[in-house]
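Before we start, here is the structure in question, set down as structure tokens.
In this document, chain identifiers A, B, C, D and E correspond to the written order of the chains, with residue numbering beginning at 1 in each.
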């Protein structure tokens, strides 16, 4: 039976279509813009709209992540690196476009050719939606015992992927620490300590009273929210990853307003490095405990020795799964929060170096952040 | 462990030991040289032992291992290989003596590396001679190419490095592009690469396929210096003379033709060879090469270049005999390997002795030297006679058998080419003797010795021995050939 | 079967967990290495964890040999729901190769890092290395298409940064690493899109499950395109011509430790995935696929073999010569795979193993010799054999193996390759391999000539003998090159059983006359 | 094709965006812009996956207890056909699997982005620019004069 | 009685949401049409505070439920803190990088320099 999308019956589809068009328009603007700052701002916008679209597609977890990562961290790092490099890209000569254009068009046509055989958009009977995906929906409550299926799949069914994902963040943090250091340059020279992020901040610090007060109110709230997201992940959208990003952003905001060295005194780079690896250790450690108790790696049913598990969870509870998921989410949070902070330290700590080389930089741009 | 296995292990082990000990004693040249000579002499006895065992009807065998299924490293001596092994090991003993005299006389650098590589080359030659299948043969064939490269590039200057490049480029290039695919194809068609009496491929392949395989083998074994892959041989003459003498008169080039001979005899067999159209083309090519290389030799002013081109011609004899592949031709070819080996090594050693004594390489400069170096030039005369195929040298018999079998097999062009080449040999080797013995009136005094006392005794004695050997073959070759032929079927 | 069974002394309970432990061990060690108080500790951890992974790989391989395919359900959830580690002979072979190389690289890394990277960053380098090791091992063991993507990224992300660390000696490392990052990520994203199509068509991510569902589908279109995207993505990662441009630059400017490890393993792991998709997931019996093999993969391989060999023959920098040669050698493997015969795959795997052994030795020797030499130019290695005889002799042995000289591993693998191509009636391809070997003679000869026969420059060569901790793994590899050239039981056994596992039993024995 | 576009318009737009970002990535010579393109390319791949996961009339895959008031209200609002066919306790949920995958992919994306930008910063420090053309020019200029130190004879 | 209250609440809620939407649109138009940076910030912050505020209050009336109300109010509170702070930071940054506000006679001239 041919499936047709019930555009009118499901308003989210209509909403989604509108957002999609918006996304396409933003992308067109990115393609033609040459100012890097504009491109970055538009990219941030793109990811935020994409996050909205994810909500329309019933994927709040993804939307949450996309918003904090794409709209938050990515944009921030991009801005930081623009600050460290240059402001606008050089135009591309049309002759250089020929080959990429052909390649891109070929690939596009290939995909469209394939898309023709994919079941219609939104078809509940499509193979993608009807097979394993549905199994998760039916079995999660029985086997894992938490309502947020995405969290269950993420942390339990495909917990190994998530361990991998955490490791990727860890590896990226290690990579950035290798390449850009730990921001030690910001601490190294007391005379320039406050210039670390933005030279303007030092001379004009009095203008920022409002900012500092507001930030002082906000940062504890952000921490609190981060923890809420972490522990709320089982029942609603959220989880360790989003929580980690929020915590990291709280630190970054602190650094932006109070200066990198202040932040680094409270949260030293060495601690961030330790946190990043500790997170992965916690995650993998949970798996190892499962193995020691006789289960497979990351089989949280064996988080506790079988008798204890029975005692804790009663007839049909899932104590092992609950505690296991929380434990690994804490690990993810630790790695992500510390890892992203370490990455930020790396970028932010690089600024004096560039400045001291007398690299030519255009006038500071006012708006944007 | 049977006696044969011990002999095979000794044949490989003695030169290996020699290479290792050369490095161990590299600080004490006297000890090193003594050890090398001792090893060489041991090997000569082993070589003789192998030959006598084979001719007594108990061919030594040894299975080492099978690195890949169907490709075994195994050794087994049949008469042809035993003959080659005996010849190579015997001549090596003499060459190592000669090499010591030459290297010390010429004060060459890097002597330890030289001896070590020479010894490894000998390991390879023994391996080739004793190989029980084409795979083993190929393995040692390549080892030979690689181990002789440092010998060719020995001097380390631009000219010798360039020669080394050409050398290794052609030899390795041909073997990996032609011989290796040929080997794989043979293994694919026959299931193994063993040398089998009457031919491994007999009755399994069509003439077309056989032709392709024959072409792959004949040109792949570029050590046989078949046109157009002959270029390495003249250019390798930059190497020190013992190398030219041992390797480029005996070991390397003979390994090339030996490979072809073994392949035509034991892989293809006379029937396949006779049915394949490629045989005819190659016989024509060989005939052409015999005449052409002899003509080129006449134009060369340098004595070693002349000898090299002569070698190209002589190798074509053996290849021609191998291509005809009937019993008599193969025997003749095998015998020619032997007689040419003795003759040509004598000539090279003479050239080396002249170089050590006077520093001369061009023939026109050698006027009157015959009077001052009588032993050397008498030996040179013997070598010349052997190459021409004149009595009282063994060259007579081998040429005789080759020419005769060529006529029998319906390849008169090959026979006539051989005859012509014998005549041409007078023109390219004769002048050396003429100029040295009977210098033109008023040509000036002979060149002075560069080194007090002329060529060292260690460099002269071996060439005298090989010259005597070449004459002795006149008497021994006939019986030896008959014995070979008689044994042919019994194995 | 593999000759290393004597190492299989783990208790049964340990052996059951081996598939997870082989990945988790290095992963935990990576975190610990980053936390390590000093570079010595990090180095010990690195060696220890690699050795542990190797031990587990041996246990795994012998278990596979004993009982066939091992399936390990991560998290205790059965296959299509959870992530499955599916270990067959093919995976086991790669796990052995990767972890074995890791042990040698780890030993090598101690002294090598000393001269190349500031010492405060050693723990990070070791941590990154171990992460990469865990990623590669996971990549070859997993039976889940998406999990493979994650491992692809784990094994790459740290590596990009570590390649860029070569910039302290030569700033060209930075753009090289950047290029690699872009290409690698495009490759990974293509792979991701391809997996998306497979998922859209079949609704599952487990490779075996996908393979089981493909025959039941009515429309092939998204499978075709999915396959195309996966293969292009993996070809980018495996540096298959013409998608190889990132590799020479990345290999020639990275720190030695990274090059040694990557040259022996990284592109190989992607080749593994290519084989896995072509054989296990698509089972070689699919029209589009066979057309692809014969008309796309084979010509590209041939072009890659010839063009990159020639580039190697003219390049002035020694590491880039070897890097170009690596691309050519990948071409050999894909060419043999393109025959879609069991013999071809077996020959490709055999060559892959041997190539890992020889290239690691080559790069290791250069890394060891070049501790005191900042330059990469071939001409600066003039007469190196005199000043560093041990290092350069090992280098020479490995170079001979690369050339395919008899009595070395390279020879046997070339022989197998030619044999398998002849058996598949691809005589022309065998000729191509011969031709490229001929070019190989030139570029290896060039290196040889400079290293062994050119006199040292005025004032002596800057090349010095490598320290013992480098000579040890180096000579181990050099001896392995000879050993596997004489007795190839181990690699051949691995390759044959691996090919047998994905292709059915090998049909080619030399007696397999038509 | 027309049919395909009618139901697959979402895919068509996503594919176009995918290719547009790939185009940015391939054409530009600016490292930062390349990273922007790469990041967008990965995001659009995510859009593709999430489009696969949409179930018409569905809701987020967070299981609603059917007994609760919210659960009953939802079931009442839905088309009975869905409920009968695919409802889980009377509620249709989106497919959670692609969500999980893309969560992972987003994280991988930001990790790649940070490492790539870090390398770009180092390129800028080493070369003074982040345009690949400038980098190439600098490299060519550096390799043109013979490097100091001993050089072998001209050969090879 | 209760039903009536509910329907009134719903009516008022819808009205508030609509009003918020209108305010937001006006704000957006302002961002596009106002001549210089500082006036544009002003328009943008109207969107932030008033528009978002109206919508949230409207949603509180529409959504019912205790937890939803609390959450919405927290969100409003956050917007009330962050919105003005962000506007302030923008204006401050513009000021420190010497972006001059338009003077009395400048309105006629199009300004291209201050597109943020």
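The working rule: contacts are C-beta pairs under 8 Å (C-beta built on N, C-alpha and C of every residue); 3 or more make two chains touch, one makes a residue touch a chain.
Small disclaimer: the values here were computed from a predicted structure and weren't measured.
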Touching subunit B and also subunit E, the following chains: none
Where subunit D and subunit E overlap in contact partners, by chain label: A
Innermost chain, taking as reference the mean of every protein Cα atom displayed: C
Chain whose average C-alpha position is farthest from subunit D's own: B
Chain located farthest away, centre of subunit A as origin (C-alpha): B
Chain pair with the most C-beta contacts: A-D
Mean-CA-position distance for subunit E and subunit C (Å): 57
Cα-centroid distance, subunit A relative to subunit D, in whole angstrom: 13
Subunit A and subunit C, separation of their C-alpha mean positions in angstrom: 32
Computed distance of Cα centres, subunit E from subunit A, in Å: 27
Overlap residues in subunit D, where contacts from two or more other chains coincide: 18, 22, 31, 52, 97-98, 101, 104, 108, 111-112, 115, 118-120, 122
Shared interface positions of subunit A, touching two or more other chains: 111, 115-118, 126, 128-129, 132-133, 136, 158, 161, 164-165, 168, 171-172, 175-176, 179
Contacts with two or more other chains, residues of subunit C listed in rising order: 146, 150, 153, 157, 160-161, 164, 193, 199-200, 205, 454
Subunit D partner contacts - residues on subunit C that touch it in the complex: 146, 149-150, 153, 157, 160-161, 164, 167, 171-172, 174-175, 177-178, 181-182, 185-186, 188-189, 192-193, 196, 199-200, 205, 314, 316, 375, 377-380, 382, 446, 450, 454, 457-459
Complex contacts: residues of subunit C adjacent to subunit A: 17, 20-21, 24, 27-28, 30-32, 34-35, 72-77, 80-83, 121, 124-125, 127-128, 131-132, 134-135, 138, 146-147, 150-151, 153-154, 157-158, 160-162, 164-165, 193, 197, 199-205, 213, 219-222, 224-226, 228-229
Footprint of subunit C on subunit B - complex, ascending: 65, 67-71, 73, 138-143, 146, 149-150, 153, 156, 161, 164-165, 168-169, 172-173, 176-178, 180-181, 183-185, 187-192, 204
List of subunit C residues in touch with subunit B within their complex: 400, 403-407, 411-412, 414-416, 418-419, 422-423, 427, 430-431, 434-435, 437-438, 440-442, 445, 448-449, 452-455, 485-488, 492, 509-513
Of subunit A, residues touching subunit C in the complex: 110-111, 113-119, 126-133, 135-136, 139, 143, 156-161, 163-165, 167-168, 170-172, 174-179, 273-274, 276-278, 280-281, 284-285, 287-288, 291, 295-302
